[in-house]
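Quick heads-up: structures coming right below.
Across the two complexes that follow, chain A remains constant while its partner is chain B and subsequently chain C.
Coming up: the complex of A and B.
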């Protein structure tokens, strides 16, 4: 029995440092932010008491609703593009059978580089007056675009950059799903003389759904918290047209130093992310085979 | 799939052409960045852009002369290596215990850290580190970056530990081996490839992370990623220098990722996909 206790002690000792760190750096700060978000402040910024002031302020804050709208717009646009293109790319890679290491390295290079670097390179490529993108447009006889400087195009442009960066990631996930599909189903379909289109829509796509939902979850978590690329390229501009909830919360916190209100915004964003993940998890349970 | 063989060969060709096209779209922006970094300053802003030019290293030279690029790089290395080691030191034993005893809190917490926006943590950290006067210190950066590395280490290592047959541990236990000894002498050597993958992924994501060092570093401890924000301000007049900086910052993660490319996807999807 002494030995047994000793073993338990050692197990506890091995997980203790991680537990202490987790409590101190993750769990406690998490609760602290929630606590801060329920503090009320006087006009001079002194804490006066408790209440839902920050959340009430949010409801009447036009910038908050703008942030929600931009976040969801950017999210849906990017997610749809990445899933469609990613699935297409995965099918191409799957048909090619062999995937040499050099090709795989090429396809992982966009999403393993810092988003900040992606932002820097696309700033230069998309420069309205001297950028290579507008040079291509004009040589094709098309009018040049303002890209990130355009209030209308800024979100689609950010979505395009993120799609360039993360489509190969989605593709490699979907490729993993394709490779795990049972070959017997395809043999049966061949014997039955099913058409190529029927095989894709009736067999491949339904069997692939759980993998696609997994990809959606992983991308949703990042896309709803979209930050680095926006902060590097536009910082929410032009005139707040790319001010996502995350960017807005950061600026409220670290430019205006309204920590309580920033906390309320971040708690709301976390609930949004959690809600999306839980919804997709239920969806995955439905499509599982 | 009732298909004539000639039909299928034709489709194979289309497949290759489309793949090459996709590869070019993926590669071109990065190639453009590297190309621009070797252009002389008067040619980098030429319009229409030039594809043929005499490459120079002028941009890299001015970058190292006019900015404290080297010390930013050393700061980045200190923070990244420090947080990676910290994550491994805490995460590997925790993942082992979690795998053995089937406790789930490490995985749940790791997931929570992955889902919450960085600013949510940064707000209280800012208050906490200001209290103890640690803003701008290496420790503040290493500890906050360990919040990125620890979950990666735990998530990557968990399936590796789970794959070790339990009978090995039980046999060792019967022979009087303590859990600590089992971990160090048996489990760790068996997951050495997992350790390598988790270390590299932790390094890459710590290196790439922007938000925490943006707020918590000062002029002495500024990392390359945080400094790139300044380069953009100056870059409006000096694209060559900006692209040279971007190229150098992207290099370490790209090289490391290429080394573990085969195991990368299963690590990045938290084990949801077998690569």
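Coming up: the complex of A and C.
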């Protein structure tokens, strides 16, 4: 007994440096950002005061509320599209068990691509004057679109690009869920003569819910801090119509030198992400079977 | 023959100068910092890329090892900001745009003062007085030289001579005449008549020339003047040109899209950076059918925008002397002559007069026009892009926002300028 306790103690001591390092790496930047968010800085980056001014400023800053709205709009739109299409793709892959490896690889290739490369690629495709997208539209006799330059279409277009890239990722998660479903339930449904529609809505979907919630958590973290694609394609434009909270915070901090206010914006965004993850974790506990 | 006292004094002074110069020539040793390592934070634009491509020549000359950290412009600033705020010596020497961030970085104490270096520690053939005065002044804050010019650049009007000839048009001779020319081009050709920057943070670079030629100023009596009659005329002309005669989606246009559009032969006039000249001419398609001029003068005269990238030493550098050697090499007449042949306009008049550069210019009329237009910029230009305040980068955002709102039709000129003035007056007050 004593030997076992000693052994445990040794194990704990040996893993302590790694633990301290990991906690430090996660906690320090976050605590530092919180600390910064309570400081005000001059245009030259010098600290000029301390207090809650940055948070008060957020309340009256129209750009902050615009950032919240754009972030949530993009988040909901992208998440819904990715879940619906990802589930559909997973069902296709699940049924087509003999799909050649190359086809499966092609399906998952978009999310292997760095977002910056994907952004550059879509920027060229969607260029209103030189891009392939408008060439196709006009070839079909349809009017050309401004895509990323349209204040109305910019968020749906960004959501479309993100969906193109990340739907296969969601599909892989859902496919894993599908493969773990108990076959006995399906056998019972088949004996009872249930239709395919009924099987999907009454058996597959409810049983898949924990997997779908897991996919939602993973995508939520990424979608709420949506950055690289927007930075490459629109930089928040046209006229702030794609200025998510993350992009706004970045510009305030790194281009305008207002580190304290940028810190407050980032803390708020982190709370938003944390809140979404906690809500989905609760949901997962409810739908767990 | 009489030798006057004055003559003796002059002769003595001349001999003394010759002796000092000769002594300096003997004393200056390019290998003085051999074995040291310095880090260069570079912008991956054509100029930065050339410096990187020739870095081995520097290492061979000095024995100094150069570590390069290269990023796109915005990422470069982000990296610099992180390093400087941490007061780290990770970066020794960096590229900077004094017209944009000079005042901000100087106030933050990020630049080392280069005055003693350029006065006392130069190789005999450096020719420290050979830089254009305007560029040196633009990089001097509170009497301290913060950066040495690497190039000269500004927006120029590139236009298609073949299309103009086909449509029976002459090059626009006045700012207001641009709209007429664009309207005629629209009737005569399928090409985009006029293209320029529309993306909010990028647009002030091109818009400022419209503003100044129209007779406008950003600040009058300490207040933001976006709603002055001249500024409103400039805003209206610029946004109307782009809205009525510009490419679709121009609100997201920066230099990349302009270059792609013009290079592909899809725009008849393009108001864009002189730095893009090399890329535009690279394919050879535009070499014979393009002419280049400064923006035509307006009611306020001709005040084209002229800026230059500079190189600075970090105030936190642990090896400023070795860093100065790199800076000196990069801005030397020899290297700038080499870069000129790659389409980087030299900030030194002597380089512009060199035989190699002249021969390069004579190879093609459009090169000569590009050079002549830049000479006009150097002589008559202003470096004022956005507000001359510490928060200059943020001021550009509000100017760009006003242009963007007008391009999208979400605000009239009165609404756009009033919104900009409110935000800009806050910035001025904060300054």
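The rule is short, and it goes like this: the second predicted complex is superposed on the first by the 251 of 289 C-alpha atoms of A that agree within 3 Å, B and C clash if a C-alpha of one lies under 4 Å from a C-alpha of the other, contacts with A are read in each partner's own complex, and residues count from 1 in each chain.
Keep this in mind: contacts are C-beta pairs under 8 Å (C-beta built on N, C-alpha and C of every residue); 3 or more make two chains touch, one makes a residue touch a chain.
Not measured: the values here are computed from a predicted model.
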- Item | Fit or clash between chain C and chain B when superposed on chain A | clash
- Examine A:116 and indicate which partner it touches, taking first as chain B and second as chain C; both and neither are also allowed. first
- Task: Identify the partner contact of A:184: answer first if only chain B is touched, second if only chain C is, both if each is, neither if none is.
- Result: neither
- Message: As a test of reading the superposition: which chain, chain B or chain C, is in touch with more residues of chain A?
- Response: B
- Task: Look at A:234 in the shared chain and tell me whether it touches chain B only, chain C only, both, or neither; answer first, second, both or neither.
- Result: second
- Using the superposition on chain A described above, determine whether A:5 touches chain B (first), chain C (second), both, or neither. neither
- Examine A:26 and indicate which partner it touches, taking first as chain B and second as chain C; both and neither are also allowed. first
- Now for A:149: first (chain B), second (chain C), both, or neither, which partner does it touch? second
- For A:256, decide between first (touching chain B), second (touching chain C), both and neither. second
- Message: Let me test your reading of the model: by the given contact rule, A:46 touches which partner, first (chain B), second (chain C), both or neither?
- Response: second
- Item | Which of chain B and chain C A:130 touches, first, second, both or neither | both
- Return the residues of chain A at which the contacts from chain B and from chain C coincide. 129-130, 254, 259
- Which residues, counting only chain C, touch chain A once they are in their complex? 74, 77-78, 81, 84-85, 104, 107-109, 192, 198-201, 247-252, 257, 260-261, 264, 266, 389-391, 393-394, 397, 401, 404-405, 407-408, 410, 430-431
- Note on the structure: The residues of chain B that touch chain A in their complex are 1-3, 11-12, 15-16, 18-19, 22-23, 25-27, 29-30, 32-33, 36, 45, 47-49, 89-91, 93-94, 96-98, 100-101, 103, 105-106, 109, 112-128, 143-144, 146-147, 150, 154, 173, 178-180, 183, 204, 207-208, 210-211, 214-215, 225, 228-229, 231-232, 235, 239, 242-243, 245-246, 249-250, 253-254, 257-258, 261-262, 264-266, 268-270, 272-275
- Query: In the complex of these two chains, what residues of chain A are touching chain C?
  - Reply: 43-46, 127-130, 134, 144, 146-151, 234-240, 251, 254-257, 259
- Message: Which stretch or stretches of chain A touch chain B in the complex?
- Response: 6-7, 10-11, 13-15, 17-19, 21-22, 25-30, 32-33, 36, 89, 92-93, 95-96, 101, 103-110, 112-118, 120-125, 129-130, 132, 135, 139, 164, 168-169, 172-173, 176-177, 180, 186, 189-190, 193-196, 199, 211, 214, 218, 221, 225, 227-228, 231-232, 246, 249-250, 253-254, 259, 262-263, 266-267, 269-270, 273-274, 277
